[in-house]
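Below you'll find the structure, written out as structure tokens, and then a few comments.
For reference, chains read A, B, C and D in written order, and residue numbers begin at 1 within each chain.
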Amino acid sequence: MIERAKVAVVGVGNNISALVQGIAFYRASGSLVGIYRPVVDGLGVGDIDFVAAFATADSKVGKDLTEAIFVAPNNFPRIGTELPPSGVRVERGLTDATGVDRVAKALAGAEVMLYAAPSGRPEVARAYAEAALRAGVAFINTTSDVVARDPQWMELFEAAGLPLLGDDLTSQFGTSIVHHTLLRLLEERGLTLVSSYQVNLGGTEDFRNLAQNGSGKKQSKLNALTSHQSTVDKVQMAPLGYLSQLQSEKVAYLNIEAQGWGETSVSLDVKLKAHDPSGGAGVTIDLIRMAVSAFRNGRGGYAAEAATLLKSPPGTAR
Amino acid sequence: MIERAKVAVVGVGNNISALVQGIAFYRASGSLVGIYRPVVDGLGVGDIDFVAAFATADSKVGKDLTEAIFVAPNNFPRIGTELPPSGVRVERGLTDATGVDRVAKALAGAEVMLYAAPSGRPEVARAYAEAALRAGVAFINTTSDVVARDPQWMELFEAAGLPLLGDDLTSQFGTSIVHHTLLRLLEERGLTLVSSYQVNLGGTEDFRNLAQNGSGKKQSKLNALTSHQSTVDKVQMAPLGYLSQLQSEKVAYLNIEAQGWGETSVSLDVKLKAHDPSGGAGVTIDLIRMAVSAFRNGRGGYAAEAATLLKSPPGTAR
Amino acid sequence: MIERAKVAVVGVGNNISALVQGIAFYRASGSLVGIYRPVVDGLGVGDIDFVAAFATADSKVGKDLTEAIFVAPNNFPRIGTELPPSGVRVERGLTDATGVDRVAKALAGAEVMLYAAPSGRPEVARAYAEAALRAGVAFINTTSDVVARDPQWMELFEAAGLPLLGDDLTSQFGTSIVHHTLLRLLEERGLTLVSSYQVNLGGTEDFRNLAQNGSGKKQSKLNALTSHQSTVDKVQMAPLGYLSQLQSEKVAYLNIEAQGWGETSVSLDVKLKAHDPSGGAGVTIDLIRMAVSAFRNGRGGYAAEAATLLKSPPGTAR
Amino acid sequence: MIERAKVAVVGVGNNISALVQGIAFYRASGSLVGIYRPVVDGLGVGDIDFVAAFATADSKVGKDLTEAIFVAPNNFPRIGTELPPSGVRVERGLTDATGVDRVAKALAGAEVMLYAAPSGRPEVARAYAEAALRAGVAFINTTSDVVARDPQWMELFEAAGLPLLGDDLTSQFGTSIVHHTLLRLLEERGLTLVSSYQVNLGGTEDFRNLAQNGSGKKQSKLNALTSHQSTVDKVQMAPLGYLSQLQSEKVAYLNIEAQGWGETSVSLDVKLKAHDPSGGAGVTIDLIRMAVSAFRNGRGGYAAEAATLLKSPPGTAR
């Protein structure tokens, strides 16, 4: 029987709540519902143990990981599993480059560090990456901060024989992929796009942050749609709407207006509703297993099989 | 410059209205909007001439083809093009096997016969196929009646060196392909389908006929969705709804309920609105050009390049 | 403290499941959520006791009422309340006029008989009404069978000093009222209706029956929309769609196309989703309390305050 | 036959385009489609003549009113009417309190001044009101700037025997009224609101301005919904989304989640699409006729019959 992966997490937000609860749920139930890859290099979705956790909020530090994931502003629901205490106490996380050694020591026994703090603090992200290097563990960056797509950092991990996977998570099933798929279908069938828009509403803390300074995200979302510039030019994004009532759910409205034979009109309206953190956890579970597998096989640096799970893999413009 | 294709049509319903008007529109405007394949073997979408037309309704027989296409119950709208008279007078069509010779004579000068009468009269379909054979022209069957998927008829056309394309048209952009595409996307991303349904509403005469005896169509629509039986079992079809107010438009509602990571729910609701006859004409225009090209090159029998345009190509169970 | 109402039920379908569970839920929780009238003549929603129950299915007869409500084809969900046994054993119901005396005897101690069997068996409905008369209890007819709107039956109940409320239940919140309200709003604001349609999908046994012979229902639904014939003429109903996957939920799609100032277009699309049996139980709870109050006050015959809860009150054409 | 109303307009934006085109359309066609009140005190919707017009954009000044209404950023479509030149040349409008006398002189022959410039310049609004007073004509304020709800201004108009109608237009059929109507229906039927949101998207210049500084508007929209504070607390507004592709159309998405009997869920999803300027013009046409009627009858000050057409009538908090 395979040895479970040993993971340290940074950030104890909704995505980690979904991840921790989901792993416990699948381990207890044996269910395979909603799973992308049941097994990755011998590791099932239940074959993950958490060995350390870091967070900056006073309300989370000191609690068991399985308690801390339910502390506000986290609002991902309990998915109904009995959740036995993890035995992992949340430690105080870094707010700058100070304390790298302390973190490195705390990584004893870990195989991979999962960096899942809020985006927007690149120096903190790199302090954790530095700690991972010193401790000799793999590093996964699920945020949009630049780490894996910085060639200098990639060289350091390659030289150390340690995996470095990032940056920025795609969602298992989100607005971008549905919109992209429908626009591509139109093109394949010879219809001509007239106009299209996308409205995104959400209720998580992550979503609130994005809604407040969302212009970069907006362009990144447009980029995600398609490579045909003629299509992108016709797609418009409404401003992100933070609605606390949605809790951890995300709602998207898509509209597509096109023309078919004889320039007659074709229209498509879509409403998509999903739990945002589930979409992240469903992809993170694969990155963890890929990183651990590479770590155990001594493959340092980037792992190409992670490419479809990342928005900004190495080689992407910053 | 390439010689225009010479086409005889059987049935002067909405699809032929969309086809005739669309050809005139594209020829006059030079537009490429909404076109699947701008050129097929050198033939543009405007490179089609109608040389004969057959219909059974007294209200259509004797009229110029460009007038007959606007006679009720046809309700496909005028798409705004000046429509010069075709010079083709609609002749009385067959209602049984009597009159094959008369039709064959009327095909002098035609290269292909486009059979686009209402589905459900196989003996009439075959009478026209017989006339095509006698006259030495290619035959396209856009109805669900069995012609091209009957090996005996295929042999006759092969032996005569005449193309035979059919049976039953797909739509350029319809409910089935959108539903299929979204269900496939779910599967690809590892989500688990819980349930899904499809509602189809339409206002054409064709739609009214299908709504009245629609059970076969229902199964055929389910078949079109996907090859995974586990998915098909979870998809249900509401009865077709004939609503005259929709005229030549079709409205479909799709609902998809699925589960992602941690068995959390994902739901998709889609409304699709399109002109049904345009979806047919946008595919028929390609079948015509494929048939004419094969005819001119002496390629008898089936043309494999037509496969994606047909619901029941040769080899399909009847 | 008021004495609880004593109710005998005929039919143990989804609506009775919703009613029985809801009463227990509100009694235990003290919640007022989703309640139309918290108190009717001193009776709260929890002030109802069931004292007898009749059903024809072998699978229900002999079971405690609180068990029988979960027997298939019933599919209204458990709403999460601990449900203590009622002590009422389901007795074999009538299938024709035989057995009226047996039923009348079983009504000892009841104040009102709630007739909630499937619609379509008027002679059975009247056999139960006869039993109610003999036993001296009030009668409520929630089905579309003619009882209360038959002047002869009304006279019999009046003469006996017993309340008779019926026929046919409205829903607390259904498609008709939403559609009607939006059409009326259009009129009030001076917009001109162009066209409108309604699609109804459901998964209950009741819905399956209606879908199979639904033409009468269709007209009744149109009648429910509005009294302006000019509006009704522009509204079309798609055939009812039975989809087992919906279980006890009902989904409706409404579309309204109108014109405002300058004949510019206005369109409204609505999706409504609700538990059908809840809509019935939320109204039944008021009919019961009105009937019991009238019974206790010796007011026989019809009770005018029930009018808005009934589709076909006395005076309606049959 | 009644004498036509003589109107001077300030601002030549989309709403005035809809108004001018609509009047010409109804006069030519005799249509009554989409009209709120066919006749107000003897005046039909076609009984309006424009006698002066003011605008600040160089691209509009000097043009005939019927040309100026099509100058960008106006994007309300041509509604298909032949539009004979009005003979009214657009004059340079005020940008501050300078030039009141010039404007007053230009009002010779007018009965009412319609102030329909962009909101947000109260000193300009009052300069025009001053000009109306000097010229002895009625004043209508369709903007949200404070004029009619300032008691001092109201006194001045009353003293002069001149009508003063305002402030701020409701829409003939907009998001607020649909949302309000559905929330009220829920309440009437005893359902309990859980949560609700509203998303508004538009493509006019007005909409772009609102989207850029929309916080006040957001609250005003919430106020418009209902007077029940418990309901308002559960309704959230997404930020206004300016999407140029929508041109003069507005799209709104509403979601309502509620609970019925037994706390079972009820959900409503609505998409509303309408031409924003038509909604304004359809109400303005009534304000004009009310103002002219009061003017001719010597009724100065406010006219109570205008109350339902205004968002902030006299007495509203500023």
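The rule we apply is simple: a residue touches a chain if its C-beta (ideal position, glycine included) is under 8 Å from a C-beta of that chain, and two chains touch if they have at least 3 such contacts.
What you see is a predicted model; the values in this text were computed from it and never measured.
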{"item": "Rotation, 0 to 180 degrees and nearest 5, that superposes subunit C on copy subunit D via CA atoms", "value": "180"}
{"item": "Between subunit C and subunit D, centroid-to-centroid distance (C-alpha), Å", "value": "45"}
{"item": "Interchain centroid distance [CA atoms averaged], subunit B/subunit C, Å", "value": "46"}
{"item": "Set of subunit A residues in contact with two or more other chains", "value": "269, 271"}
{"item": "Pairwise touch network: line, ring, star, complete, or other", "value": "ring"}
{"item": "Chains touching one another, given as label pairs in label order", "value": "A-B, A-D, B-C, C-D"}
{"item": "Of all residues in subunit A, those that touch subunit D in their complex", "value": "195-197, 199, 201, 211, 234, 236, 238-239, 241, 243-246, 251, 253, 255, 269, 271"}
{"item": "Interfacial residue positions of subunit D with respect to subunit C in the complex", "value": "18, 21-22, 25-26, 31-37, 79, 172-173, 177-178, 181-182, 185-186, 189-192, 258-275, 278-279, 281-282, 285"}
